[in-house]
Amino acid sequence: MAKRSKVFESFADAVADIPDGASIAFGGFAYPGVPFNLIAALLKQGAKGLTCITNGTGGSAPDRMPDIGMLVQNDQVAKVVASFTAPTRASDRIPLTQYVAEGKVVAELVPQGTLAERLRAAGCGIPAFYTPTAVGTELAAGRETRVFGGREYLLEEALPVDVAFIRAWKADTAGNLLFRRSQRNFNPLMAMAAKMTIVEVEEDFLEPGAIDPDDVHTASIFVHRMVKIPAAPEGLWPGRRPERAPAKENPERAAPKEKQS
Amino acid sequence: MSGLERQQIADRVAQEFQDGWIVNLGVGMPTMCSNTPIDADILYHAENGVIGYGPVLPAGQEDVHLVNAGGQNVSLNPGAAIVHHADSFGIIRSGRIDVTVLGIYEVACNGDFANWKVAGANGGGIGGAMDLAACAKQVFVILEHTTRDGSPRLLRECALPVTARGVVSLVATNLGLFKPLGDRFLLREIAPGVTVDQVRAATGAPVEVPADLKVIKIL
Amino acid sequence: MSGLERQQIADRVAQEFQDGWIVNLGVGMPTMCSNTPIDADILYHAENGVIGYGPVLPAGQEDVHLVNAGGQNVSLNPGAAIVHHADSFGIIRSGRIDVTVLGIYEVACNGDFANWKVAGANGGGIGGAMDLAACAKQVFVILEHTTRDGSPRLLRECALPVTARGVVSLVATNLGLFKPLGDRFLLREIAPGVTVDQVRAATGAPVEVPADLKVIKIL
Amino acid sequence: MAKRSKVFESFADAVADIPDGASIAFGGFAYPGVPFNLIAALLKQGAKGLTCITNGTGGSAPDRMPDIGMLVQNDQVAKVVASFTAPTRASDRIPLTQYVAEGKVVAELVPQGTLAERLRAAGCGIPAFYTPTAVGTELAAGRETRVFGGREYLLEEALPVDVAFIRAWKADTAGNLLFRRSQRNFNPLMAMAAKMTIVEVEEDFLEPGAIDPDDVHTASIFVHRMVKIPAAPEGLWPGRRPERAPAKENPERAAPKEKQS
């Protein structure tokens, strides 16, 4: 008896049944590993009242790839959990700021390591843990701390999510994933934390067995749906990260300049 | 009175690095520390799981799959390794980072510092700074000595919400190199062309000046 | 009255497995479940981080670097993956194992079971059983219906220290297939050649017998 | 300036300075990944009052490779932390039993997943966490539990160790490790939990850069000393795991039958 295939034909199909009110973790750090195509599909799909778990919401640079800020601007977001909820430069502006100020979006600010560990805890059946991070700061105000070995630690709870959107380099059809370089970042943790993990994959799907079991970064157990990213302009391929300037074409890729939505 | 250029401040900090150290550099001025030629074998760690990165690659030679914590397209040195975010912060939280160098808004002589929330903001940008500040063996901070309107950023107490308390062991500014001593800053070295009176006038906390005050050597 | 052979007990349990399940088999009789030919695509998980293992390899063809949780030199199916022990138990603890099949000493009709400490022992052998028992979606247990001296091992309450409480949903013995119902066992199926009276006499708790009692089909 | 080499010439050198009273984690699960050569060296080195963290202490099979039970029989052990501290078959005997009965060795019994997670927590700066495992059992008697989301969890503390002994397949001279197949098991976690990690390596050392950074299982940060395992009989090479019978020669290895001490 054959298992149902995890390979979906389109991003629209892969995100079609995401309901209003879902919690979604978005992988990526800077450009590597960001599920641009899945975000773009979700913008079209239109689910509302979402809780978005992400390192940052984006939108400070003028030339934008699809980002969480666009979901916010599209009135799809009720809450953001992130390690950046406001710009750190006084001169920067991000879309989220106005929505938080107007009470349309709740923003929960979480230190990056705590965010990663809360996701990992959810994926590992650990409901809560203690961390030294943020002790003595505004983020710990009124919260439970405890001393172990003479040092004070803050109690943090797991952060389970309904859905993870991630981007991988290679995958076999069973759902084993390889990430390339810093594309890995939060992605394996979000796949662990999620009830359903949807992956956009850069290279053509491999047969099961083509990835050495020792090399697998995210095991098939954690992966539910996968879509091959089409060539540009249909598919979104990040180039060099723009440093407050438009993205330049990436000469290492055969595909033409990525679509900027 | 402006003292050191940004790269010169970073250069002075980098000279504190010792052979075999594992170093994490924050976004902005701290990343410039890796440009400084020093006689020490340093392993650079980035929050996004890159262990052992090398110089930023020039446009056209980037690996689009590889950035450091500042989003710069870096290279990898031989012996590099990639881990995921939880393992990367496990390295940080377990005290394996010998020093983190962070760009900040304010530092107090009690070792507190602030770098995640500007006055009046709703929310902020913490990134990996709180984990690094709480857990690295040493925290070095880099900042312009005063704000654009001339207000001191080396203070008795932080006015902005702190990132961590009592953790800073070295402060590098355009005016000099300082060590927080609880109720005052020790001026370890002064920038060329800057006077002690100028440092004191620009600092919001007492400054102790050693009899044999050294001048920062420009590389 | 001895009823089923060991492989036959395992066969009956394996027929409960459904397509797409992730299954963890304990040491001993449970491992025999993977010998049963069933029409379902099963992913076998072992505590030591082996996801997707296949048949035990014959002597001379083993990979010395690869064992399942019972220490048997297994093969890997296409699509297998290796993780470390913490990730492996993360998979267990987060409820991703559809069923674990465990060899045990005793089971009670309230769903408690015992398999880590024998009477009078100082210490015991837990291995991965407590994690599996507490966290798998379903816990199936396999055991000889009585001890060597004929004492019942299906009980009202466990006499030995328990591994987990209230978790067992299926009990397979040489005499039949049972479901714990709180204050009694439901006899789902009986072994060929065994009578209900024999089952009742060998069981230390009430046994409910359905009107349409089925006999276990031998493969 | 060159870093001091992590490569040691002999197992004796690598373990020479381990002091009395050290806590040592021993990797491996069944045969794969067990640091047989380091255990053998520690038996000769003679440090006493050790705390040994290990999945099991071994010694039930008649034909033994070096194991923790031998350290116990050599009067080097004060405490064992393991997921097996007594045989699970009434007919089996292990050396540890008598020493525990006589009060010479303290045995702390820990579920295997909890053991792995306590080591991982130590390696990640997490002082304590909650787990559902062992709730309602003798192991939780008198201990702190707490309800999250309606379910009861047991508080578990991190398990830091002074030294980890592990076995790897390949290593570069920087200290990046590859494990083969189920050799991985506890080994990366013990390396994370330890102040000092000592590795016995099966293959010749590689130059830094020879292992793709994406493939590394244990990063150089966690590795301090490494020794290449010599060919048998000087080096110990496990063959097929004996199932209550002597180990058979492994035809896949060129080396002759391993030394059994």
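Should a chain be cited, it is by its letter among A, B, C and D, assigned in written order, with residues numbered from 1 in that chain.
In this text, a contact is a pair of C-beta atoms (placed from the backbone, for glycine too) under 8 Å apart; a residue touches a chain by one contact, two chains touch by 3 or more.
In this text the structure is predicted, and so the values were computed from the model without any measurement.
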So which has more C-beta pairs touching, A-B or B-D?
A-B
How many angstrom between the C-alpha centroids of subunit C and subunit A?
38
Suppose each chain is reduced to the average of its Cα coordinates; what separation in Å results between subunit B and subunit C?
57
Can you compute the centre-to-centre distance for subunit A and subunit B, using the mean CA position of each chain? Integer Å is fine.
28
Got the subunit D residues that touch at least 2 other chains?
117, 120, 124-126, 131-132, 179-181, 184, 213-214, 217
Any chance you could list the residues of subunit B touching two or more other chains?
76, 82-83, 86, 89, 92-93, 135
Chain-chain contacts, ordered by label, are A-B, A-C, A-D, B-D, C-D
Write out the stretch or stretches of subunit D touching subunit B in their complex.
1-4, 120, 122-126, 172, 174-176, 192, 207-209, 213-214, 216, 219-221
If we count contacts the way the header does, which residues on subunit D are in touch with subunit C in the complex?
29-32, 55-56, 83-88, 90, 96-97, 100-101, 107, 109-114, 116-117, 119-120, 131-139, 169, 179-189, 217, 238-241, 243, 248, 250-253
Touching residues (chain side subunit A, partner subunit D) in the complex:
117, 121, 124-132, 146, 148-149, 151, 153, 157, 178-181, 184, 213-215, 217
Residue numbers of subunit B touching subunit A in their complex, please.
46-50, 59-60, 62-68, 71-73, 76, 82-86, 88-89, 92-93, 115-118, 121-131, 134-135, 161-165
Subunit A contact footprint on subunit C (complex, rising order):
19-20, 22, 39-41, 43, 45, 51-52, 76-83, 86-87, 89-96, 135
